[in-house]
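Multiple structures follow.
Shared between the two complexes below is chain A, which pairs with chain B and chain C, respectively.
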Partner chain A sequence: MISSMSAEPSSLIYMVAGESASASITSNIFNSLLKYNKDLDLEGELAEKWEISKDQKTITFTLKPNLKWADGKPLTSADVLFTWQAVINPQTASPYASDYALVKQAETPDERTFRVTYDQAYAPALDSWAGLQVLPKHLLEGQDLHSTTFAREPVGSSYYRLGDWKHGENITLTRNPNSVLGPANIEKLVTRIIPDNSAQFLELMADNIDSMGLDPIKYSRIIPARPELKKRLNLYKELGNSYTYLGFNLKHKPFDDVRVRKAINYAIDKQEIIDGVYLGLGINIASPYKPGTRWSNPDLMPYPYNPAKAKALLKEAGFVDTDGDGILERDSKPFTFEIITNNGNKEREKTAIFIQRRLKEIGIDVSIRSIEWASFISRFIKTGDFDVVILGWGLGLDPDQFNIWHSSQQKPGQFNFIGYNNPSVDRLLEQGRTELDPDKRMKIYHKFAKVLLEDSPVVYLSAGYGLTAIHKRIQGIINPIPPAGVGYDSQKWYIPEPLRRNEISTN
Partner chain B sequence: MLKYLIKRVLWMIPMLVGISLISFFIMHLAPGDITNNEAAFNPKASEESRQKLREMYNLDKPVIVQYGLWLKRMATLDFGNSFASHQKPVFWQKTDKEGNVTKGMIQEALPITLLINVLGLVITLTLAIPLGVIAARNHMGWQDKSITLFNFIGFSIPGFWLSLLLMYWLGVVNDWLPISGIHSLNYESLSTWGKIKDTLSHLMMPVIIPSITGLAGITLFIKNGMLDVLQQDYITTARAKGLNEHRVVYTHALRNALLPLITIIGLSIPGLIGGSVIAETIFAIPGMGKLFYDAVLMRDFPVVMGVLTIGAALTLIGNLLADIAYAWADPRVRRGVVRN
Partner chain C sequence: MNFDLFKKTLANPLALAGFIIILCILMLALFAPVFSPYDPNEIDVKSILLAPSSMHWMGTDGLGRDVFSRMLYGGRVSLLVGLVAVGISTAIGIVLGALAGYYRGWVDTLIMRLVDIMLSIPSFFLILAVIAFLTPSIINIMIVIGLTSWMGVTRLVRAEFLSLNEREFVLASRTLGAEDFRLIFTHLLPNSLTPIIVSSVLGVASAVLLESGLSFLGLGVQPPQASWGNILTDGKEYIQFAWWLSLFPGLSILVTVLGYNLLGEGLRDALDPRSGSNK
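Moving on, here comes the complex of A and B:
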């Protein structure tokens, strides 16, 4: 199977690389203790079972028996311990070290047992162990993870092993006969690195690659209009793990006033944005969780488009058009602000234009500026020198969003850069972090999302669908797509003999 | 002559230091550093770990100190290691204690860019010289006008647009040429001849398309040089002697008309190592242009500085070579240099 991606991984140790290009390759090579099943509940991967102590501070993992690395060496709890030590080592400079640094003590009573103890109960811990790809101690001991050559020739335990990495061209994975989860069906996975999206699509049209991610235009206009492509490709649509929002700088007037935030929320027609920007391939959300998952509160409704209500709220907040120029004023200052977003993201730029028009209708003068990413972050986000931003959040599968909303996370470089400060939200986020029981946790986050929606520190704009085209020769894809996504259980995909590509198959 | 050369070479050292100093400061004027990349904007990545990274790369130190550290490394010709690619050497391969060899980023990107640019230059010149001569000999005639028209069309067509159209036509509609990349996936299993053919077919579009768009300038140069020379007295003399027109144009005139080309080629030496970002992105070629562009976006300072320094050095060397070659080819210049 040949797929494509636009950027090359910088390292094949995900904890060091940290970018999605790395994750999409390493997830085929390495295993974690836990994984999410197709309904996004946790289950064991390397671990056979795990136990949480009564005080919720200690988690004991028991590994499956007879685990092996791709090179045949046994995989034991010592490898897990080594990986944990390596990740929290400052020398490694892992961007994700903070979750693991909370572990007070880690021990390996025997070869199959790995036990971690936290200072206080930490609910996202399980998610973090599902995210930590276990590395082989026997190959990495004494090396600097940040610069080791292992990052370019990794040995893992999962379905595939690295066959060949032609720098800048392609990465070939071959089936790992020692895979701890049993062998995969497809023998070779080739990922071609094609930076330009149009070139990728031309390769798909010429049947040189089997799958690629699509944008809405290709998904709903170009492919359906071409019978020869429609005949060859299956199209998949799944809700992505991210959403776009309009975020207010809550430290700037007048965005400290909840009536103003609500008014803007009412004044924006989200459906229009979804239809216009995403060609209808997105949905309206009311909480920062993926709809349909346990954490998303089904009782919450997004703010409807209601310009009359928006005007009334603004009037209540003291905004009136006194000089008759169509722009509202308060204390004889016109209501005008700038929306900033990162350039290169066409969807966000278009979204800003829709918002600009709708806000003009209720008397707010909006200008738009898009800025190169590194400048955007260091000049505007870090310094808090902005009024309103359009940005997106990628969502983890764990509901904890302490880093985004808790009032303690406002220092430069932290993620509550909008300056949200609500004691009741703070309390709920703290509770959610220490509650390991999924049902109790769910109630906490449902309540959290409700307060957040009422407070409207951000306007949820849309959650877009992830769109994928996969050649029909690839069979065994779960349909309908499970909550875990189209790629779930891809080791069970297969290509019937006559349809295989002879340029890459070995027999 | 020798004294002059030595002086020129010695002058290059302070020039290089000056260029690198200015580059270094301008690079640091752009806001942000490696820790601001998109992957780091993830709620799971903490500010503390970014701070650690900054300390590790000395990004927390004043710019002048960072420059000093860079210069100290450069004094031993060590271009340092990339930030974004986790300590991959910037320039040439390094061997670690265990004997593992890690290839340098420029080392990997340079050969393909060089190959494409040299082939492109050869194609441009082989087309531009005859076109220029024809245009000059038929000045204001239909040949001249159609060559000018062709050149201006080639010059004004956006390269990426032409590339995409040709990729669609030659690669999708007709299965004549590969669309992107530089090798087929079954490259390893091909015979030597098959490998050459495979690489050439992959290079066809990335080499020829930029050559067409680059043709206009050089053709005009040749044409103007030729027009100039054809009006000289010695051409009249040659014609008066009764030499046939062929000899006059190709032996007497062309050689002199080609003199400015030496300067152009000398100046294009640094350009040979700088790839085109757009062409490399569209054709998925892992060359120098893409390397430099990505490094700028990622604020991967050692790579940016590495490419800039090599580019600057080659520019200076290119200038020097052009001057030497000019002196060698043109006696007037040679005598002028010696007299001074």
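Moving on, here comes the complex of A and C:
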């Protein structure tokens, strides 16, 4: 099976690379202690079972028996301990270190037992252990994870092992006979590195790749219009893993005024954005959680499009058009600001144009600027030098969003760059982290989402669908798509003999 | 500028073609509000990426906006940037070139070394670097292109001045006691005007191209305002499917640049004593 991605991984040690390009390869090579099943509940992967102590501070994992690395060496709790030590090591400088640094003590009473103790109960703990890919101690001990050759020739325990890596061209994974979860069906996974999206699509049309992610225009306009593509490809649609928002710089006037933020929220027609930008392939959201999941508060509704209410709120906040030029003023200064977003993201640029038009209608003069990603982050986001931004956040599986909304997370480079500071939200986020009872935790996050919606530090714009095309020769794909996504259980996918590609066509 | 030169230029069929092309594009851009069937920024969610038809002569873009109307307004941007940028660069070029060519000595050395330094930097990268520090807008683009493309004119004016300085009428005027100012503005400059005009016309072509390039990269004209460059960017994504988004702006840029080049070269041929038409 041949797929494609736009960026080449910098390293195949995920805790070092911290990028999606790396994750898409390493998830086939390494295992974690736990994983999410198809309904997004946690189950054991390397772990056979896990126990949480009464005081909720200690978790004891028991590994499955007879685990082996791809090179035949045994996989034991010492490897897990080694991985934990590596991820919290300041020299590793892993972007994920903070979750694991909360572990006060980690120990391995025997070869199959791994025990961690926290200072206080930490609810996202299990989620964090599902995210940590266990590395082999016998190959990495004493090495610098940033410079080790292991990053280019990894040895894991999962369905595949690295076969070949042609830099700038492709990465080939071959079936790992020692896979701890049993063998995968498809013998070879080739991921071709094609930076340009249009070029990827050309390869899909030429039948040189078997799957790729699509944008709404390709999904609903181009492929249906071409019978030869329609005959060859299955299209999959699932709720995506991220949402787009309009974020205010709360340290800048007038965005510190909740009436202004609400007014802008009412003035934006979100349905129009979904129809125009996503061709209807997206949904409205009212909280930063995936609709339909436990953490999403079903009672919350997005702000409806209501320009009259927006105008009234602005008037209340002191904005009136005194000179009759169609633009509102306060203290004889016109209400004008700049929306910035990263260039190259067509959806966000188009969204900005829709917003610009709607805000003009209520008397706000908006300019748009799209900026190249690296300078966008370093020059504007990290320095806080912006008024309003259009960006996206992931819809994570664990509800903890401390990093994004807690007032302590405002230093340059941290994620609360909009400067949100709400003591009641801070309190809820802290409670949510220490509450392990799922039902109580759910109530906390429902309340958190409600406060957030009323306070409107960001305008939730939309959550687009994830759209994928996969060649019909790939069979065994779960349909309808489970909550865990179209790629769930891909080791069970198979290609019937007559439909297989010849060896030569993979290059 | 003399009328005779124009007559001679337009006798050349290619130059005439260039002149007509530019005239047409100028008219279309100037009267864009009259010709355009739609508001160029009117979004229509129901008609996204429609192929050219009698309703939309050049189809619609990814937001359902009429490409023909956007092309007309984009033409305004392209031409405005071209003309103003060249105006700025020509003004700077004339002043510096005149100073260098007239006073010579250390003034000349200083200005010419400055020209050499500027020419040693690839101009597109220089412009990219400057734009990165500024807010992208039409005005900034015009200024930056103007400030980075005066070197050719400077050299030209200097060379003209150097040679004119030795001519009898200038010497005569000088012996009669004419001041520097009078010499420069009544004798030297009027006599070097024609090559300046040729170089400006050619300069407009490259400024149009530069603006399209910058807008294509997202550093030029900002949304929702249309420019040929950013219509082309929108088209890149769907070049297979929505060919009209790439074809029309691409063609317009090509034809405009061709028009200016034809006219510029026609003017140059008409001026050149060695060219056939001058016998």
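FYI, the second predicted complex is superposed on the first by the 503 of 507 C-alpha atoms of A that agree within 3 Å, B and C clash if a C-alpha of one lies under 4 Å from a C-alpha of the other, contacts with A are read in each partner's own complex, and residues count from 1 in each chain.
Just so it is clear, contacts are C-beta pairs under 8 Å (C-beta built on N, C-alpha and C of every residue); 3 or more make two chains touch, one makes a residue touch a chain.
None of the values given here were measured: they were computed from a predicted structure.
In the overlay built on the shared chain, the residue A:Leu436 is in contact with neither chain B nor chain C. Of the two partner chains, neither chain B nor chain C is touched by A:Ala106.
Of the two partner chains placed by the overlay, only chain C lies in contact with A:Ser370; chain B stays clear of it. When the shared chain is aligned, no partner comes close enough to touch A:Leu181: not chain B, not chain C. Between chain B and chain C, the partner in contact with more residues of chain A is B.
Using the contact criterion defined above for the overlaid structures, shared-chain residue A:Ser198 touches chain B and also reaches chain C. Of the two partner chains placed by the overlay, only chain B lies in contact with A:Lys411; chain C stays clear of it. By the document's definition of touching, of the two partners only chain C reaches A:Asn343; chain B does not. In the superposed model, A:Ile478 makes contact with neither chain B nor chain C. Annotation: chain A residues 198, 202, 205, 372, 375 touch chain B in one complex and chain C in the other.
Listing the residues of chain C that touch chain A in their complex gives 41, 43, 45, 48-49, 62-64, 132, 135-136, 218, 222-224, 234, 236-241. Across the interface of their complex, chain A is touched by residues 30-33, 36-53, 56, 81, 84-87, 96, 100, 102-103, 108-109, 164, 167-168, 171-172, 175, 178-186, 281-286, 290, 297, 299 of chain B.
If you check the complex, the residues on chain A that touch chain C are 197-198, 201-202, 205, 217, 221-222, 225, 272, 275-276, 279, 343, 346, 349-350, 352-354, 356-357, 367-370, 372, 375. By the touch criterion stated above, chain A contacts chain B in their complex at residues 2, 8, 10-11, 16-20, 90, 93-99, 131, 146-147, 149, 151-152, 166-170, 190, 192-196, 198-199, 202-203, 205-206, 208, 372-375, 377-379, 393-394, 396, 401, 403-404, 411-415, 503-504.
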